[in-house]
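Common to both upcoming complexes is subunit A, partnered first by subunit B, then by subunit C.
Then we have the complex of A and B:
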């Protein structure tokens, strides 16, 4: 008979309608799947009892192999064995140049914006490779739970942009999975420790993996985690600890830099074993077979190892300090520090992190599994296995979204850190008389000028009925779904003509670029505002010039004599010149005021003339 | 009238209750639904209802409503593994027929 789990009160499922859900940590090096059974969130092992699935996919003429077997074949079949595909997902061909040197794969030349890797099974994209990993994890979950999954939660780095999130979702769809939502990795780690049920406060998530380091500062506010800042080092991790220890062994054993790759590989393994042993004991014996025969035996104690790796740990602490500064938070304001990633098992890491933040870091949950466990808890809630009063955790958008307005300025429509899903609308109007189309340029970022932000999409709204400038009403609606994906729609309200775009940008940003974008918005806040005011005044000057020109064309000859007309035109010319050359907003503003003063008499005459025209043929008492 | 727990089931329930941090015990019950008429209910209990009967076995409180008890009397709750899958099993002497999957049954 079927095996049952204990449900929350009143949440027992009808037979065959179990709401099975899983959380998936789709990692660069390893991936995991976890689920909640009888109220306990656990990662799920395969038949051999292994929880971690190496994120490696090998294509062979016979089929696809994923995990340990694929990883073992990486050395002999590097072109068909794809590792670290997460670094490629959602990236365009042009991004490859920045990653290219480190990738051993051959890429297929195509016209498509999505790079494809050449394998014996034909060209494959990063989305397809990721889908293979997801399929294996989902199959493991379904076997373990005894039924099909209703949905999954997949974690992604907090700095993933729309393209990378969309590509991750596409991979899940390709694997036949229903994605409840994507969840930020640091948020998932915080959820695993139940920080979302705690009081409001600021938390840090310190994630030190094998090759990467990420630090995230999260604020819990009304049940919502907002990412205040992220930082880190994409080339610093536990492997660097191993290298430092291996170099020490080489020094002690008198092995030169000309050692064979095999020996270096084995030294790295010895170093890792020593590091792991020193998390439990004070000293460890090391034995190395020397190249010319013979053996070296030595002892490494914890104090010596700490001395070797401390400079590396200090580097992560510096990154923490910078990230805190970005978030505008002092270390003492951090309530909890969640430790993620296998390298946080090293005791010295815990000590130095604890010292810096002045609080004992949270280490009770296996740091390799904590993200998957958080995702599983969230999936369980989203599947509907919890009573309704359990609040649904929300996520926020990492960078502001807006559109370009006249003069290359950004009008932010959805500010950064807005909780999702969200829909926001704003009305815009035409700039010129008789304008029948409007170009909508969707941008992402914190800066005031379009040029400093990231362009996401462009589309055009056509069929606006000709009207005077400023009369048309165009509503632009931004909606961001629960996964952070964006839909933008523009509608002219009098006719109902619409145009829209689904943002699925083909190019991604690197982690450094995202962090850089956030930081530069803070650094340049002052000059950005000045630039914005300058541009606003320039646009205003252009509008005044445009309006005056159109007035002169209509009734200039009728209302002005030659001398007057010359005066007005000179003033017009002066303003145009000032607007073109001025470098501060105030000068232009004064020039606009000057022009308005000069033309006051003309404006007055126009008004009188218009009133006369309007009243012509009417009796005075009609207006009473 | 009695319902019992196997050693393995009692261990698990204690662990799950401990992990949950709250709850009086575990509810066993039946409800009408499913392909063969009745389906099992297995839930944590935070509050007792008026018609609940509370029993205890191996240190675990078992809560059953009076109506369900008729169908469950003599049942032993067990915990076991089948491949990767693991979970609770009702060994119910009252069952005459169950659907292929065993999730629902008739008495």
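Then we have the complex of A and C:
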């Protein structure tokens, strides 16, 4: 338990029970789940030995199919088979226009801010589709580990904005998962290589997938990772290598541009096979059945392939150069380059990246699995399986947060790269006499004009007492938690009248929508909602009881007098009895709240005592 | 909450002084985050997670305040019961204002120089030196901590605000130059 973790090192009271936890890489093309077993982090295969789960979900009248099977059906049933849903998650109806060309789906007209895809099973949102993928991965982990997961770490791209992060977390909630933390993908990759164990330094994470390229520059300072800059190209990847090779085959074999789609697809497959073979050998034989009958046979050597794909790799290097400039770092300052994504298996990619950064890229861990492995390591720590572990990952927010002011300009409240969690407040005032309401528009991004940034939420603060212009003092507070999720509150201060609002991102699902989805997914599974809630509350009650017990054992005597201790123990006993006997969730919930209220002073006292202990080795006069 | 009666310096176990050791500050910061960060409570009851979030937020805020020379000075003025945002003599200090105007003009005319990058570099170094001079002065003034020296500190803080703003504009100009290059 956490209360034990913050006790003196080496003093953990109870013999350690291993908590089941997993790391999930929820990818655009493929997803993976990994876990730490006997101290080793590894990805988990399905029953047929496949580690990668294609991020494809097919809706049929009979039910939902996820993975290879769904992928195989994509061509015959494109409208009900959803691939690359990560491109849609956390996106609003208005974003679809910019993404539209590449998406073969039909969207439903809806009042909700969240777009829904039309399928035979009814309209589905990106959150629901992602939840289906998460469910399959979680089930795989639970089956392998033989028990329910206490929590998961899910990775997200470093550049994901608040709405995309919130939506990812909603998907996990819908899949019934407890999210310990959302972790940036490049940070996860760095953790997999144990770079967090170094003292300090600047690292690059080069992530070249099938269709996207990302480069991140991370600074590590004694276990604290900071994303300094990210960049890339959302339409550049290994598929483009295949296309370049396929075009070469067409030229060599004299196949014209009017070739059938089937032939083109088979050429792309041949190209990919050739590319993969050339990572191991110097030349490869290629055979293609020609449209008019007959066959073309040819040979592709590595040098020729390199010539074909080099312009594409150079494009990624240009993006690296730009991103380094954003970070204010020279290539020579980069200590390590971590390679992520299947396309980094291509040898020429490794060579050119190594040349640019002046260091041998790290390739020991399978580039498809490295992110999931890092997530699993972090999940293991967060589950409390390594109480002595010093690893702490402090993330930053990737994009500035602000609100709209006069003239469509943005006033930044939390600048990008601020370490989270963070809370920042700014005061604003009314600009008209007698103004009683104020519209607040929350945006995220670096540009000066509201229109160039991402709109996250709009809300109104009402009930401001009428005053002359400029007299009201409206304090807007932005709080960002450790997952990078934002809450905004506004409050009028000058008269003591308080009105505050909490907002959810414009493109997020409302709580009602999520509740509805949960309800229907549970009905679908034939489970009883009340029974599930009861179990959840019983687990939470057990968690509270266990935490308090170990707390009392550790420092109850030190921090509590006899009367206080008696009070705490009585409350503890009450909760336990209630949890054992109650048949509805609400009763237990109330009992937990009651206990929390009774013990509030003790929990705070412990926290303060731990802070004092952490600082106790230092005397103020050591600086005199 | 962390005991609110304690100020940021005490929270980090540091003496309440303007001059501080940035390495020690960063070390204390990490030690504190290891105790209070929400990741340490990922598996704890809801109440503890809420408390951890609040405290980690406060520790971050305290760290950001103390490590920045301007914010640290403003915070110290606040501890002495002085508002650092009010009007000070600086804004009526003709000589300082004149110097500011000259620096601004120099910044605006950087692109006319033969080598704009070099010219901007020199200008940024000058501004940096002036900021450092305020920091050095603040260290002495806060050490004295008489009503007169605190008023002088308030003026130095106000000058630093001007200079910081100017420096930020110079940085933005630098990014523009690099981009066009």
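We adopt the following convention: the second predicted complex is superposed on the first by the 399 of 624 C-alpha atoms of A that agree within 3 Å, B and C clash if a C-alpha of one lies under 4 Å from a C-alpha of the other, contacts with A are read in each partner's own complex, and residues count from 1 in each chain.
Definition applied: a residue touches a chain if its C-beta (ideal position, glycine included) is under 8 Å from a C-beta of that chain, and two chains touch if they have at least 3 such contacts.
Quantities reported herein were computed from a predicted structural model and do not represent experimental measurements.
Student: Is it subunit B or subunit C that touches the larger share of residues in subunit A?
Tutor: C
Student: Can A:615 be said to touch subunit B (first), subunit C (second), both, or neither?
Tutor: The second partner, subunit C, only.
Student: Let me test your reading of the model: by the given contact rule, A:544 touches which partner, first (subunit B), second (subunit C), both or neither?
Tutor: So A:544 only meets subunit C here.
Student: Between subunit B (first) and subunit C (second), which does A:467 come into contact with in this model arrangement: first, second, both, or neither?
Tutor: After superposition on chain A, A:467 lies in contact with neither partner.
Student: Once the shared chain is lined up, is A:329 touching subunit B (first), subunit C (second), both, or neither of them?
Tutor: So A:329 meets neither subunit B nor subunit C here.
Student: Once the shared chain is lined up, is A:151 touching subunit B (first), subunit C (second), both, or neither of them?
Tutor: Second partner only.
Student: Please write out, lowest number first, the residues of subunit A touched by both subunit B and subunit C across the two complexes.
Tutor: Common interface on subunit A, subunit B vs subunit C: 1-3, 5-6.
Student: Note which residues of subunit A are touching subunit C in the complex, please.
Tutor: Listed in rising order, the residues of subunit A that touch subunit C are 1-3, 5-6, 19, 150-151, 180-181, 221-224, 325, 381-384, 390, 392-394, 418-423, 479, 481-482, 540, 543-544, 547, 592, 596, 599-600, 603-604, 607-608, 610-611, 614-615, 618-621, 623-624.
Student: In the complex of these two chains, what residues of subunit B are touching subunit A?
Tutor: Of all residues in subunit B, those touching subunit A are 12-13, 15-16, 19-20, 26-27, 31, 33-35, 39-47, 80, 82-90, 98-99, 101-104.
Student: What residues on subunit A touch subunit B, complex-wise?
Tutor: Those residues of subunit A that touch subunit B are 1-12, 14-16, 37-40, 44-47, 140, 143-146.
Student: Going by the contact rule at the top, pick out the subunit C residues touching subunit A in the complex.
Tutor: Counting only subunit C, the residues touching subunit A are 1-3, 11-15, 17, 20-21, 24, 26-28, 30-48, 51-53, 55-57, 60-61, 63-64, 178.
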